[in-house]
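Common to both upcoming complexes is subunit A, partnered first by subunit B, then by subunit C.
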Partner chain A sequence: MSDDLSAVLELREALPVFEESGLASIPYSLRLMPGDCLLIACRDPLRATRFADLCSGLTPLVSGHALCLGLDWEKLAETRAWALRGRIGRVMQQGAWIDLFGTDLNILVQQLHHTRTPTQDLVDEATALARRFGLPGLPSLAPGRLSKADRAKAACVRAFLGEPRLLLLEDPVEQENADMMTAFLAELTAARERGCGVIWFSREPELWHGYNAMGTQRFRLLDEGLMPMKQVV
Partner chain B sequence: MPVSEIIDPADPEAETRRRRLIELVAPILGVVLVIVVIVIVTLHSYHKTRNGVISLSQDLLSEEQKNITQEVSDYLAPAPATAIVARDLLTDPVTDEPPRVFLAYGASMLRNVTQVESFYLADDRGSFWFIDRAPEAISDGMEWVHLLRDKNVFRHWYYDKGGKLVRVMDTPGKDYDPRQRPWYKGAFEHPDLNWSDPYPTVATEQLIVTAASVLHTSDGHQAVFAINISLNRLTDFLAAIKIGKSGKAVVVDKEGRMIAGNNLLDVARKADWQFDKMLLDPQTQPVFTRALSLFHIYGAGVHLIKAHDTQYVTIMASLHKIRPGWVLLLNAPEDDFAAFAAAAGRQGLLFSLVIVVLAALLAGFLVRQNRRTERLRRQIGFERAQVKAESRALNAMAGTPHLLDPTQDAPLLTQRLAELAKARRVGFWRSVGDDERLLCEDSYDSATEAHSAGMELSHSDLKNFFTQLMAGEVIESDHAASQEGLRTFQRMVMAQIGSKSVYIQPILARGLVIGMVVLEDAIRPHAVSHIIAIVAEVAAIRFAAMREDESSTAKPAPQRREESASIKARLSEGFIAAPERRGAGELASGQYAMVPVATVLFQDSTTESDVALIPIVQDLVEKFQEVVQQQNLFSAQVLGSRLVLIGGCSQEPDPEAARRVADALLALRELALITLSDADLTPNFRIGLDVGRAFGATLGKEPEVFNVWGEAPQTSELLAVSAPDAGTIQVSEAAHALLRDFYLFRPRGMFYLPALGITNTYVLAARR
Partner chain C sequence: MREELPFYRRFLHRLGGLTRRQLRFTLMLVGASWGVVREASRPTSWRRTVIYEFKSTLRQSAGGGLFSTLFTAALTGFGIVAQAIYWLGIAGMADTTDSLLATVLVREIAPVLVGIILLGRSAMLSLTQLGQLTIGGELRALQAQGIDPFLTLVMPRALATMLASFTLGVVFSVIALSVGYGVCRLHAIITMPLWTFLYDIVGAMKPIDYIGIPLKLVLSGFLLSLATQLTGLDATRSDTLATLLPRGFARGIMVIMIVNVVLGVAVA
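Our next item is the complex of A and B:
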């Protein structure tokens, strides 16, 4: 990992199709190296989601390139693109929970689909993660029946499970569940040590206060595009 | 946890897989297509040929039928012809005098026309003359027979070839009256020519048919002239005709009674020579039976009939002109004509199959060649990548600043070696302390991509192994667990990651072994043995430099330790080494600024091992006690599965206390590793060490317990929990600052620790 020089995520003048994405049709450029963290402040949750979609290759481009792990989303065959998305851990703004299954299956389904890792190993890892995030174990109730705070923790477990190479976190921690910040930051640091690139969207940039680990950049996602943000220590 | 993806998105081979599949499947499909086309063409040509042959054979059979009809007609023709001639010739009255004309005419006919058996002449007065061939004894002779009505005898005259009377004989007449015979009566029904039904002669086993015509003699009487024709000869004739290979012909009447042809004698015998019973047998002659039925419905013609799973071509023709009611039936198996088509088809198919086999072989060769080329291409690619990787590794090593400087870490060496040799773990071990111990300088686990260091192996535990290593030769084993000399090494070192095979390259300096490079579960150590040797040389220079450094560096201030040697550990409830009290005032309750606290965390105590655990733990703790007492620690407390060591508890900063704890930890670790490995238990314990603030107070009454809690114990526990690997000692930034002059450390990296925020942690490796 240490000598892996290819970016985890790279947008080269990527101009999304407005009709499909709803994102302002301006070219976006960014380069996220392994272990780097991008803190993106965005007041509009929908815009953050759309930008995360752009990063996961779900938005068609008018021009430019969007590359993940050195692979161009547009040039990748469909099956390989799906497999590549299997390497992305994501906390979704809208939750993206399937209420027909228990939260445990919701958490495991990505890894069960994309990998041959034995189910027991996955369950063990998910349980350990859940404990670290402050859940007594892997929650088995349907996601809709969990409390909001527990659901946020479960979302983090889902995102961090399976050693993802890229984390797209849309408001993983909010003021009301700030008690999980410690566990969250510990996992985030571990993931970054492993070489995972992180994009952390937040509506409340004050949450980042004090998080100034090396390799962290701050941006604002506005209608005008990605704007660098002055670091507030 | 390693992730095994079903589809690797970064796999560059993914795109070529489809092409490879096409390369494999296309030739096979081609061969299958060729086979299908050949089968279709063969079947088509077979059917075409067969239809042509059948149509041709039908034509042939039609011709044959005309021919046979003609032959049968010719066979029976003497009867009407003779009758016409006889009508003109035989006008003399039939008396007892021999009718010269009749006899001469008859004899001539018998001599020249073989199918004629005999002639009758009878008149309405009952006179009867008969001429036929003499018995075989008189060759080519004639027999005259006359009925002497007055004597009621038949008089027989036998003449030889030359017309000379040989003998005369009488046989009983048995009241024979020719006028009562069917042939005589029938002649008046059709005066021109009347054919009788065939009738058998049992004695000669012949079926005879008689044609009779009415004559008018000069004396005004009516006479009947009859000509007997043997149907056996017709049967022989029909049998002699060749229709295809095994074709048959029969003549039957409309009722299905056999008149001539195949099996006539069998049928006749079966029917006891009664003509009415001589019917076609549907069992033995199914084709003729069905052909006759078809003739009744469709009349004369050609038909295909299937019987006994064989197709027969049959021809039915009426012989009405010759003898009303007679039908000629011919049949021949279709195969007689079309067999060659099937044979040719089969042969064609066989030849085609040979072609197919050859094509398949060629396709196989093509596939094999393709695969081979592909394999070679990959091999070349692999080799090229290998060479590139090797030169890149060498470049990287050469480009590493301070590579030979032992004060600078070079994690690159193990990492590159692990990549090149595809090894699970690569470790550099250095011989320290007068070659009595081996210290792990750097160990890189490629599965977890983590470096670790600090493990020590002592000469006393691994005598055999050391002897083997000191020989300076490469040690190699696929099953280290079963090899003498490597067994203990396997249990103590390799069992940590469960590796099986090992490749050990001794590191030599001036002919002396000063360390080793260990590659565990390496897939291709031999292919990169030269790189291993180069790396070993680099390590040799580093290690040699380290030795020099160590020998030149004076160990700092051991005298302070002697002071504290006067401290005596005491045992009391709750402690394996109780807090020291040197007067009541020294253990004042309150906050202590610099308390070195170490937590040893044993995990997996619930393992389902069948090893008797308690004696081992007992033994271990006893050894721990010894160490703790030896190092004069302030206290050591066992709490469940953890052991808490406190180096010293004083208001003034005491770096010595931290050293005591570190020394104790190194000793404890070695003890635990050896004891647990010897007991076949996984040495799964982690150690955390911190120096910091803590609260100390004597709590409770009788017994009182001096308890320490606060930041330092909490951090040491966190460090133990999050220690990178089993058996490692994770040290906080504060402890590192105190101890770095005396011990070897390896930075682990930056971590977010809940109590401290982002901080650096270190792994304590060994004493300097």
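Our next item is the complex of A and C:
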């Protein structure tokens, strides 16, 4: 577990601009420490995407602060903000894949852009990760030609690649691809042990039923804001 | 509230709104041009993803456009160069052939035709891709991964198209002149060797042409690519390919013509 005492992600009364974000214009507060996991139930996938955008500093604020690794998104120079986003692993639901490239390049592009790790090392790491998620290797077909289950696995490979410091996972596992849950939880646990903070959004909170690891909090993302959720064992 | 304003202020309000709307894209183009120059001069901008995009665009535009350029150049050589040599010879003005070909073909026609080839083959493709990425929200996903679309897509594509425009312009001029020479030689209209023919045309060019012609090719390729890419990036939810493509084509043609006319007048 990391000894870092600064929060991986912190929202301090962060009030997003409604016109830009589409989120309810109310202040959001949360504090995610290294290795912590926030499980957020959200029926509306668009709302989850918008909240993840807020955490990634892509949404301007009317007031309050949004900090990632102790750095305020609003005060950060543009180039540094791009670099900081490079440390975030994301599973996205909206416009996640670019069909101009193969799935392999879609997976590798973030690491190729932000790091100087040799390409072959990245390919090896991604291939190993893909195999752990049940893919035969690094998929090279266009994302549109993969099955939905394979795309979900590839999305997880992309998010976990490069040891990110923060994971924003929008519905990474659904009922129809629940077979990858074991591999997913193994990677999630390994990432948390490295000190990575995790926010896991889900439309189907029953999927978390067995997940009670230490440092896990549960919330609901509603029109009224982020509400704590009672844990059902 | 607006009804309470006096007539002249309402008129000024409308005039101001119209001017801003009309100038919006031009100002965007100027800003983006400066952005490309500034980003390209930073060594840290040239990351693997940027170099990949630069190479693939260069391959697509220069390599892919080569056959179209060769074909158009051959037709131009046959239709314009050979005819010019033939009719000037008939009219007893054979001495002006070299300067006429240098002025008309190399300086005026080549940049325009190469610009149109690039517009059709590469810039419209870029417009379609960026338009679809913008409308589909994929650019937002790219941003969420810390990848600036301007740095990763716009900058390398604009620079690659600029380089392709210069390359294809030179290829076009050489092929058009060579084919024109070949046709005339076949019909025994001229008897001099090819190298002498090309040397005479080069000799007929003014020193300013050595700046003006490359500048036309480079600027039209650069601005053409930027104009079409910005049209794609500027797409809104209400846009479709049916609205984007005509807009991008009109802007592309406008850029080619303006660059060629302005430089034709300024650097003559």
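Remarks
In this section, the second predicted complex is superposed on the first by the 231 of 233 C-alpha atoms of A that agree within 3 Å, B and C clash if a C-alpha of one lies under 4 Å from a C-alpha of the other, contacts with A are read in each partner's own complex, and residues count from 1 in each chain.
Here, contacts are C-beta pairs under 8 Å (C-beta built on N, C-alpha and C of every residue); 3 or more make two chains touch, one makes a residue touch a chain.
None of the values given here were measured: they were computed from a predicted structure.
Because the two structures share subunit A, they can be overlaid on it, and in that overlay subunit B and subunit C fit beside each other without clashing. When the two complexes are laid over each other on chain A, the CA centres of subunit B and subunit C sit 50 degrees apart as seen from the CA centre of subunit A, to the nearest 10. Contacts of A:Leu58 after superposition on the shared chain: subunit C is touched, whereas subunit B is not. Of the two partner chains, neither subunit B nor subunit C is touched by A:Ala178. Put simply, more of the residues of subunit A are touched by B, taking subunit B and subunit C as the two choices.
When the shared chain is aligned, subunit B and subunit C each come close enough to touch A:Leu84. Of the two partner chains, subunit C is the only one touched by A:Val109; subunit B is not. When the two structures are aligned on the shared chain, A:Thr119 is found in touch with subunit C, with no touch to subunit B.
Looking at the shared chain after the overlay, A:Ile98 reaches subunit C, while subunit B stays out of its contact range.
Superposed on chain A, the gap between subunit B and subunit C at their nearest CA atoms measures out to 8 angstrom in whole units.
Shared contact residues on subunit A (touching subunit B in one structure, subunit C in the other): 81-84, 86-87, 114. Considering their complex, residues 52-53, 56, 58, 81-88, 90, 92, 94-98, 100, 109-110, 112-114, 119 of subunit A touch subunit C. Of all residues in subunit C, those touching subunit A in their complex are 47-49, 52, 129, 133, 136-148, 152.
Of all residues in subunit B, only 1-11, 14-15, 396, 415, 449, 749-754, 757-758 touch subunit A in the complex they form.
Across the complex, subunit B is touched by residues 1-3, 69-71, 76-77, 79-84, 86-87, 111, 114-117, 121, 125, 162-163, 182-183, 185-186, 188-190, 193-194, 210, 213-214 of subunit A.
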